[in-house]
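Two complexes follow with chain A in common, the first pairing it with chain B and the second with chain C.
== the complex of A and B ==
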């Protein structure tokens, strides 16, 4: 009886947004008279950071500091329509809508600034810190606050913008399945190392190394949060979770977190992540979205690592100690494969 | 630890940005870490009532009689709601985008189709009084045979789960009991292959397990409107679903949400809002309906189970030449969103690899269990598990390193994908290379030099001649099984020189209720 280590890999891609498209999102951006901007959405922040990502997109597009933008989400009386927060669509779809709205608002802001500075709007640029100035002449400048005051009280202009993003709906051929499912895809490859106890069937995670390609990491801290958390969910899906432990027999369903097993702090492992950025042609600043796909490579990588460790193929999820032990017994004992 | 590999694809990016790419602290961080962010359940309204539902103890049963007399007299009870009180007591979520038929009641009427299906709702002064009243509802059940296995549900004589779909499968394009993918000729591929490997995989259901369970609070507002605080993941999706079920104009509702305690796909189904609003309409008081933990785990929709069969043909040099897949999505008793996931799954085949011959048949099957719904990686997670386990087995079979096996088969820019679109902006090879580097997994120099941007297209952009089965006439062929394990289809039609033309667009149905149908955008989604 012994513990055996093994490594397994998996590589995947993942479509961004609702399959076939046809899932619009809208955004409204407006400035108050002090040059502080509000983004109005009906999109939901599930904890993934939707408000923060759209805030950065808006600030970058307007050319103002992120502190001057506040994102207000999910009020059906004030926020325009959004399909919802699912299908890895937040960053891509809502981000693009916010970008479009911010571009329109920026256009008005630059026109208003041009009027105050008595120059052509095309000759102006933003410094990203709250000042608009003539290109090559930073001293000929005006603050976004003064522009907003002038627009509101002197010029009678509304510094605001509307944005919508829609990938047109694709049809599906009934006979061949020909379709346009998505405009861009995220990618990943993950290596999992496990330790399998051939006496108990228990699988312990040792470490994970991965590479994720996401178009652009708009906020690397939020990306890290998604990828680390998503990989935990992958471990959980691979080794622990189901409300029907004897599926398709529905008996013995768990009713609470005592009976529904998920990994605790002692069950997770170090995870070293690399992020690659190949910008999507239609992503906001090239961004795709890390939301869903980060969990997916973990499940097969763990199963493949178990094979490498003890020589059994685990083709049914979740891979519980009972299933591992039965498979090892049926094989007549652990058969470690060549170490990788 | 997260490392940004800015050196890769650097020529495709402008990195001269000010706010983008910075790890700015979240806008809502302070509220979250100090416990002051507002969730739906933080709204304690004056005179708020509580709604709970009676759930079926049977997986499949006819409802002979429902007696609520004693329950109505129970202490604290303000209102009992039955199916007949729901204005439009039949809905399917994706009717908002004109996909699928209404198949699920808010409260069961003639029959229950899964254990835990709501039958009667009780609105009372406290949750405890609501539960006490529910215990006094008498229901006369006639248990019916139930089916829990997806392939069992397709056998002749299997119990009919959901009368809207009498063959126990969702109907695609009005004729098929599954969505097809046909690209090249897999049978020819298998005949040419050095090895053929056939395997099957199973994923059990999975619970979203959000910290905050599904819930909502609905309250009468001024001017005949209702304000609804909700945990939904999709504000207008839920709003329009409620407008349809309650048969009122959508601007009757003011939905407020946006801060949610975990969703993962489990808060799209609008499980609580329609009954909470109906409770508020019938009592004139604020009504709160939130699932308990046991309800969330057993009767809130899970990620559905999937059963997947894969048959691959591979050459000794590691090239995969044919991949044939048959998969069954267990939708549970109602459609919810599984019908959509099937099409997404078909689009995902055969994974991120260039394979000249691909054949897929994916089914959305009804069984007598809690309806399944979306979850992180919807339509793809289980298929990726199956595909990547299969890739490992194939690599082992032909004696090639599993990393190199993936690089060898990876799709590249310019390749033709099985859904007949050109691959662009691919990066699988680079991900494998970088993951190998991180894991100190040795790759040969020639593998390290491969690129997603090189050597794609050309012969890899071709669509091979594709034999198609004769299209069925009229009626659904629902119980017919595929020829998966048998000889190639007998009728080989001449390969079409170009992809089959798209079917004509059906006329957009006229809206018959208060909900916005987005029909100008989605009018063609019904197929």
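== the complex of A and C ==
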């Protein structure tokens, strides 16, 4: 009876969003008389950071400080339509919609500023700090706040913009069924090292090393946060979580957090991540988005590592100690594979 | 139903309330006092989201009968910051990106405070042990562990 180390690898291509009905999302951007901007979305941020990222995208497109932008996702009845927060589509789809809306709002803002400064709007630029000035003549300037006040109370203009992002419908080849389900793909590769106890069937994570290519990382710290947390979820799906441990009879399923197992802080392992940035042609500022794929490569890599450690092919999730033990028993003992 | 009179210190302030017999401390804090910082996760001690300190010791408020805190001092996340100033642990959680959805965060912070109060410079293993009763669905724990270690070393640097 012994513990065996094994190493496994997995690579994935991950489509960003989907192609059902063009997978659209909308955004509305408007200025308040204070010169601050509100982005209205129906998209939901459940902790992944979409509000931060769309705020950055809006501020960058408008040319105003990020503090001057507020993202409102409060109400899907009053907000513009969104397909939802899934399929890793938030940054790409919603980000593109926000960018389009902010571009339109910026056009009105520059027109309003041009009227106040008595110049051509094409000769104006934003400094990103809340001021609009004539190109090459920074002293000929007006604050975005004064532009908002003038638009509201003098010119009678709404500084606002509408945005939608819709993926062009992919033609389906009637002969082969071939189509293009997504417009851009993220990529990842992960190496997992595990230790399998051939007496108990327990699998302990030893370490992970991964590389993710996800377009431009618009907010590197949030990307890192999601990759670290998502890898935990991958470990959880690979080794712990199941709502149906005794499928097909659900009567013995877990009923609460005591029985529905998840890794605790003692079950994680060191994880080194490399983020590679290859901007996507149709992404907002080149972004694709990390999203779901941060969990995906962990599962096959862990299964491969278990094979490498004890020579059993696990094809059902989660890979519980019971399943590992049965498989080892069925093949007459652990058969460690060659390590490369 | 019979009500029981109850007095205790809640984040340094004396409170008096009537509770139904058998009511747990989490319900008393949230529904009678209006302190919503301890969270209801599982209601049976499996997740740690409801963690509070009673006389400085870490307890699961969902498994604590409200009547048992009579005359004692209860600390929740609501009492952690000093006016507008965040507690060093809260600052470290922000700086280390140790929250995503945030639901486990109050319990994590109280578990971390209980640790640092009795052991100002814990090892990584001691931090893991201290938060092992708290489940987090988003972060993978790594940023939380790093935040507690950062707050601990930050405290040492100031001393």
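Here, the second predicted complex is superposed on the first by the 321 of 340 C-alpha atoms of A that agree within 3 Å, B and C clash if a C-alpha of one lies under 4 Å from a C-alpha of the other, contacts with A are read in each partner's own complex, and residues count from 1 in each chain.
Note that in this section a contact is a pair of C-beta atoms (placed from the backbone, for glycine too) under 8 Å apart; a residue touches a chain by one contact, two chains touch by 3 or more.
Model, not experiment: these values are computed from the prediction.
**Q** After the chain A overlay, clash or fit between chain B and chain C?
**A** fit
**Q** With the two complexes overlaid on chain A, check the angle at chain A between chain B and chain C, Cα centres, nearest 10°.
**A** The vertex angle at chain A equals 100 degrees.
**Q** Which partner chains sit in contact with A:256 here, chain B, chain C, both or neither? Use first/second/both/neither.
**A** Touch partners of A:256: chain B and chain C.
**Q** Tell me which partner A:229 touches in the superposition: chain B (first), chain C (second), both or neither.
**A** The answer is second: A:229 touches chain C but not chain B.
**Q** Between chain B (first) and chain C (second), which, if any, makes contact with A:22: first, second, both or neither?
**A** After superposition on chain A, A:22 lies in contact with chain B alone.
**Q** One more residue to check, A:117. First (chain B), second (chain C), both or neither?
**A** A:117 sits against neither chain B nor chain C.
**Q** Have a look at where A:86 lands relative to chain B and chain C in the superposition and call it first, second, both or neither.
**A** Only chain B is touched by A:86; chain C is not.
**Q** In the overlaid three-chain picture, which partner chain does A:109 touch, first (chain B) or second (chain C), both, or neither?
**A** Neither: A:109 stays clear of chain B and chain C.
**Q** A:268 in the overlay: touching chain B, chain C, both, or neither? Say first, second, both or neither.
**A** second
**Q** Using the touch criterion from the header, give the chain among chain B and chain C with more contacted residues in chain A.
**A** Partner touching more chain A residues in the overlay: B.
**Q** Once the two complexes are aligned on their shared chain, state how close chain B comes to chain C by Cα atoms, in whole Å.
**A** So the smallest C-alpha gap separating chain B from chain C comes to 5 Å.
**Q** Can you list the residues of chain A that meet both chain B and chain C?
**A** 46-47, 49, 221-222, 224, 230, 233, 256-257, 262, 271
**Q** Residue numbers of chain A touching chain C in their complex, please.
**A** 46-49, 221-222, 224-226, 228-233, 256-258, 262, 264-266, 268, 271
**Q** Any idea which chain C residues touch chain A in the complex?
**A** So the residues of chain C touching chain A come out as 41-42, 44-47, 97, 99-102, 128-129, 131-132, 134-145.
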